[in-house]
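Each chain carries a letter (A, B, C and D) given by its place in the written order, and its residues are counted from 1.
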Amino acid sequence: MRVVALLVPSVAYLLAMFVFPFAYGVLLSLRPKGGGVSLANYVAFFLDPWQARTIWVTASIAVPNTLLTVLLALIVAYAMRRGIWLERTITTALVLPIALGTVLVAEGINGFYGPKGWLTQVLLALGLAEPTRLTHNYTGVMLALFLQHFPFCFLMLLGYISGIDPALEASARVLGAGPWAVFRRVMWPLIAPGVAIAGALVFVMNFGVFPSAVLVGQPAGATRTIAIAAYQEAFEHYDMPMASAIAVVMGVCQLAGLAVILFLRRRMAGTGVATMGAGKR
Amino acid sequence: MITSLAFRLTKRFGAKVVLDDLTLEVRGREFVTVLGPSGCGKSTALNLLAGLIPPTRGEIRLDGVRIDGLPPERRGFGMVFQNYALFPHLTVGANVAFGLVLRSRGKAEIAERVRRMLELVRLTGFADRYPGQLSGGQQQRVAIARALAVEPRVLLLDEPLSNLDTKLRLEMRGEIKRLHADLGLTSIYVTHDQAEALSLSDRVVVLCDGRVIQAGTPAEIHDRPQTVFVADFMGYRNFFPLTVASEEGDTVLARGEALALRGRTVVPLRPGDAAVAAVRPEDVETTTEPPGPNVVRGTVRLTEYLGREHGVEVALEGGPTLTVSLAHPVAVGSALALRLPPERVVILPAEGDAR
Amino acid sequence: MRVVALLVPSVAYLLAMFVFPFAYGVLLSLRPKGGGVSLANYVAFFLDPWQARTIWVTASIAVPNTLLTVLLALIVAYAMRRGIWLERTITTALVLPIALGTVLVAEGINGFYGPKGWLTQVLLALGLAEPTRLTHNYTGVMLALFLQHFPFCFLMLLGYISGIDPALEASARVLGAGPWAVFRRVMWPLIAPGVAIAGALVFVMNFGVFPSAVLVGQPAGATRTIAIAAYQEAFEHYDMPMASAIAVVMGVCQLAGLAVILFLRRRMAGTGVATMGAGKR
Amino acid sequence: MITSLAFRLTKRFGAKVVLDDLTLEVRGREFVTVLGPSGCGKSTALNLLAGLIPPTRGEIRLDGVRIDGLPPERRGFGMVFQNYALFPHLTVGANVAFGLVLRSRGKAEIAERVRRMLELVRLTGFADRYPGQLSGGQQQRVAIARALAVEPRVLLLDEPLSNLDTKLRLEMRGEIKRLHADLGLTSIYVTHDQAEALSLSDRVVVLCDGRVIQAGTPAEIHDRPQTVFVADFMGYRNFFPLTVASEEGDTVLARGEALALRGRTVVPLRPGDAAVAAVRPEDVETTTEPPGPNVVRGTVRLTEYLGREHGVEVALEGGPTLTVSLAHPVAVGSALALRLPPERVVILPAEGDAR
């Protein structure tokens, strides 16, 4: 009882702090600059191809990047499930981009992958590649997002996978399952819920991409994401209601992505491939 | 049916020797128990046999053919784990069918075999439950059914009963014994419980710090322990350090400051050798004989009700304590004359570091 | 062996991908625009007060914010250690800011806490406050960083704390410890390593603050952080070597902060207050 | 020293009744054991007494004074947990001193008391180790020393031995018995192990599904179980459903299709009542008497070596199986005539749902 009494106000304040800004945004979006209460902002957004296509641009970055990030993180985390040599060093290296922040990652990408960067020069010197443009375009954004989100995804999955009782794998091996059968029949069904959560998080973060799209992308064209559109309305045109409307559209897209991920997860569970409580006993 | 499983295994983790050249030949239909305290290397031995960890040195031959190069899935063994290790996402039926599905058996054959296996472990009707919905004993039975479904060439059991209640442990012990006999299995069982080792096995191997201390039939291990370590494990709860006074055949007389005991030897001893006399609480009897070798007097210090018997701690004249098990209650503080029958006393060599 | 053979190239590539950009940056910083190999960039940075003071500005944001975030997260996570009503909802609300991205959080802050925002209006209507400026200044950046980093810190600490065997607390209670004594003598020593890790992560992220400092701060003055300085050199003046030098200075500051945190943790351990393996058995 | 601890406790979690009006009065210096299978509510009872969870209804009186309103830290109890719950960041000495420091005792007094406590549990010299450096048995002894250091008014023990090896469990049982007697403690002990309950207790309370099934001295519970559930728990492994044919005093004759048994009753039975006859394996003896009441014939189906005895499963003529414990080995397949002594057979009322 005493604990509850202490907790209620602080939790209420936190909720207010975290939830109200968004409720505010939704209401604001319904009051266009011209006055009144209407859906005018939404209509304007969808009728303007320059704005509406940001949804497609963002999705074409977020979806492949999410698949790539989750798949690679799953492979590496699964291979490392029983600990490997230099685990600590490798984990630290992976976490560097989080620690160093978006800007420095962007700068590092420009330096390493850019037209005068090391990678291009090495490839050219070896005669292995045409001078390909890897930065300030779609590829640059993909690289930046991967560098930022891979570590999160990897650490989440590693935690999830190493929480599964190793005796399950041992028991499947003795019963006649080779490494691939172990993965498909035992580990994957148990990991799937974790993969769904990690995928959902990466997708949502990818869909909100902003600084990377500006710094190593082509913010006026190929990588003009929906977050950039919202930013421009808010901080360049000072049209807060319009910016809020765009933000709401973005939120709806993110929710749609989550719904697809949940649907896939449930279908797998339905066909008996996936899930029945995680491995921790 | 196999004829023999012979192995010779050494395992080191870094500098630590976990198994030191463990050599054993198990015959077909034999039930062999590896008995030892936690950390003696007994689970490591089972994992090496199953192929789950690679040996540092050694070989495993099944009917003369080396199998230590094979991965676990190609050895055709069955294994029952201490924590059951049932697949939580599969039903009981699917758990039991797991090994059969991997062997690509026909649907009808699998269904029939799962039914038979569940009947065997008395879980008919549980096929559609999930492991999380079963009690500990039921989960253990599913684990056994799953291991047996593939008709394993050798069944490995890693302390399968240690997570169960006392009563359930007794029941499941009978179950394992019955299945081993009925199905003609070849089983290797790992445990720290001497009662399990004695009741289940054709042969017991006592392990300590990765080395075999003694191996033999349950009766040999129980009646003729060769070291204090084995005797301690086998329920000899009274140990008295003495010196051998005289020997005749396999009987010796050993003396100490407080008592003199005549007893059997398993390992030859000579007069003057430092020895330890071991006797079980149940083997001591009350007597009216006058004091002398094997007859001692003392005062009751503590009593314990054990149902049919009474555990009694007796402080002997001269210092040492004797734990005895008597059929009738005695009062704390009363005086007792006790006889330690020479045929029940074992005189062992004193080894400083034998434990 | 097979696993190692498969793993080595992929791990090597990942390391290259994550580590080389930073190595590249360090080397670049030593080759100033004028040519040659020298420390000229570093000298220039420290001699220019407009640049050098960004260290102080950044620290004055990062240090108090780290303390505040960790302290609040610790209190809330500790209070929730045995699960509370609506835990799922509250956790979701807290994770919203991560999901919605920096820009939208900034916009929400401007809308809620801004001069025309709800909070100010409610406070004014109640006569509780002077019309205080909460955004586009130091306070705004503090709020944005708190909203972004609190959830991470909270979830990390909650995981850490709920991993501690509840029997330890029960046992301390029966032995005569009241709630405060339980925290001070049993729980805190076991939580401290987790707090140190969470604190280190939040500090490093805070020190690299960039988008928030621009969007809800005063990027030309009070919140001109060191990351902004690096950004301007790189993307406004196109002086990559100078930008790299600033990035290296920033990295050194972050390492210094980590060293202080590690030192504090070790001192606590030395006086017997802290740590000897976490609670998980 | 307390005079009495009386309580009456009900606990519900949601709709589930975990403890249904558990009423008990424990006298000073008494050792009471709450015995029951897992999930019967016995640990919940201990947590309620310690104040770690609030009761749904009920009261606790210590020497007549209500203490159920007090938080755990003000009840002055000691508690030993199943998983030891030692503070991993404190040395053994600091663990034992924990309660004394909170009571603001002087430094010298604390040091002296810690020394005495460690001596009491035979861990002198371990004060500077950390719990992680100790074996399971040593950790358990530290947990006991820590609980005893504060001179608790009541000592609560929650399955303190269930994580230990068989041999260690036996040793620690003696240790707990000794400490209880030497220090004049008042103890409540929770376990699922009948041997622990019998050997340690002055009084045993058998719990099932949150309700007391039977309470009494160890001998009463052991020799005069009132229900099949208690008999099963107390090692009666043979149960035969029969019908009461006649009664004289506390002896009845009961008959079934395959056998007729004369036995003792604990609960009155009348002719025609459905009954269950219970007998322990150790109480059955071989005989040369002709078949008749209490004498049966059968074939040996399975034998188990138990060291001093042989467990034998006998298929009786007419169907049922009898498990007996014999002093000498018998061959599988051989015929046996067995006598179930009437004074050792207990005839209980058949209760459909008594388990």
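To be clear about the criterion, a residue touches a chain if its C-beta (ideal position, glycine included) is under 8 Å from a C-beta of that chain, and two chains touch if they have at least 3 such contacts.
Nothing here was measured: the structure is a model prediction, and the numbers come from that model.
Once the centre of each chain is set as its mean CA position, chain A and chain B turn out to be 54 Å apart. If each chain is reduced to the centroid of its CA atoms, chain A and chain C end up 20 Å from each other. Chain C has no residue in contact with two or more other chains. Counting partner chains per residue, chain D shows two or more touched chains at no residue at all.
The touch graph of these protein chains is a ring, one cycle where each chain has exactly two neighbours. Pairs of chains meeting the touch criterion are A-B, A-C, B-D, C-D. Residues of chain D touching chain B in their complex: 37-38, 136, 165-167, 170, 173-174, 177-178, 181, 192-195, 198-200, 218-219, 222, 232-235, 237, 282, 302, 304-308, 311, 313. Listing the residues of chain D that touch chain C in their complex gives 47, 50-52, 71-79, 81, 83, 85, 87-90, 98-99, 102-103, 130, 132, 146-147, 150, 156. Across the complex, chain C is touched by residues 3, 6-7, 10-11, 14-15, 17-22, 24-25, 28, 75-76, 79, 84, 90, 93-94, 96-105, 107-112, 117-118, 147, 201, 204-205, 208-211, 215, 227, 230-231, 234-235, 240, 243-244, 247, 250-251, 254 of chain A. Taken together, the chain C residues at the contact with chain D in this complex read 165, 167-168, 170-178, 181, 185-186, 189-190, 274-277, 279, 281.
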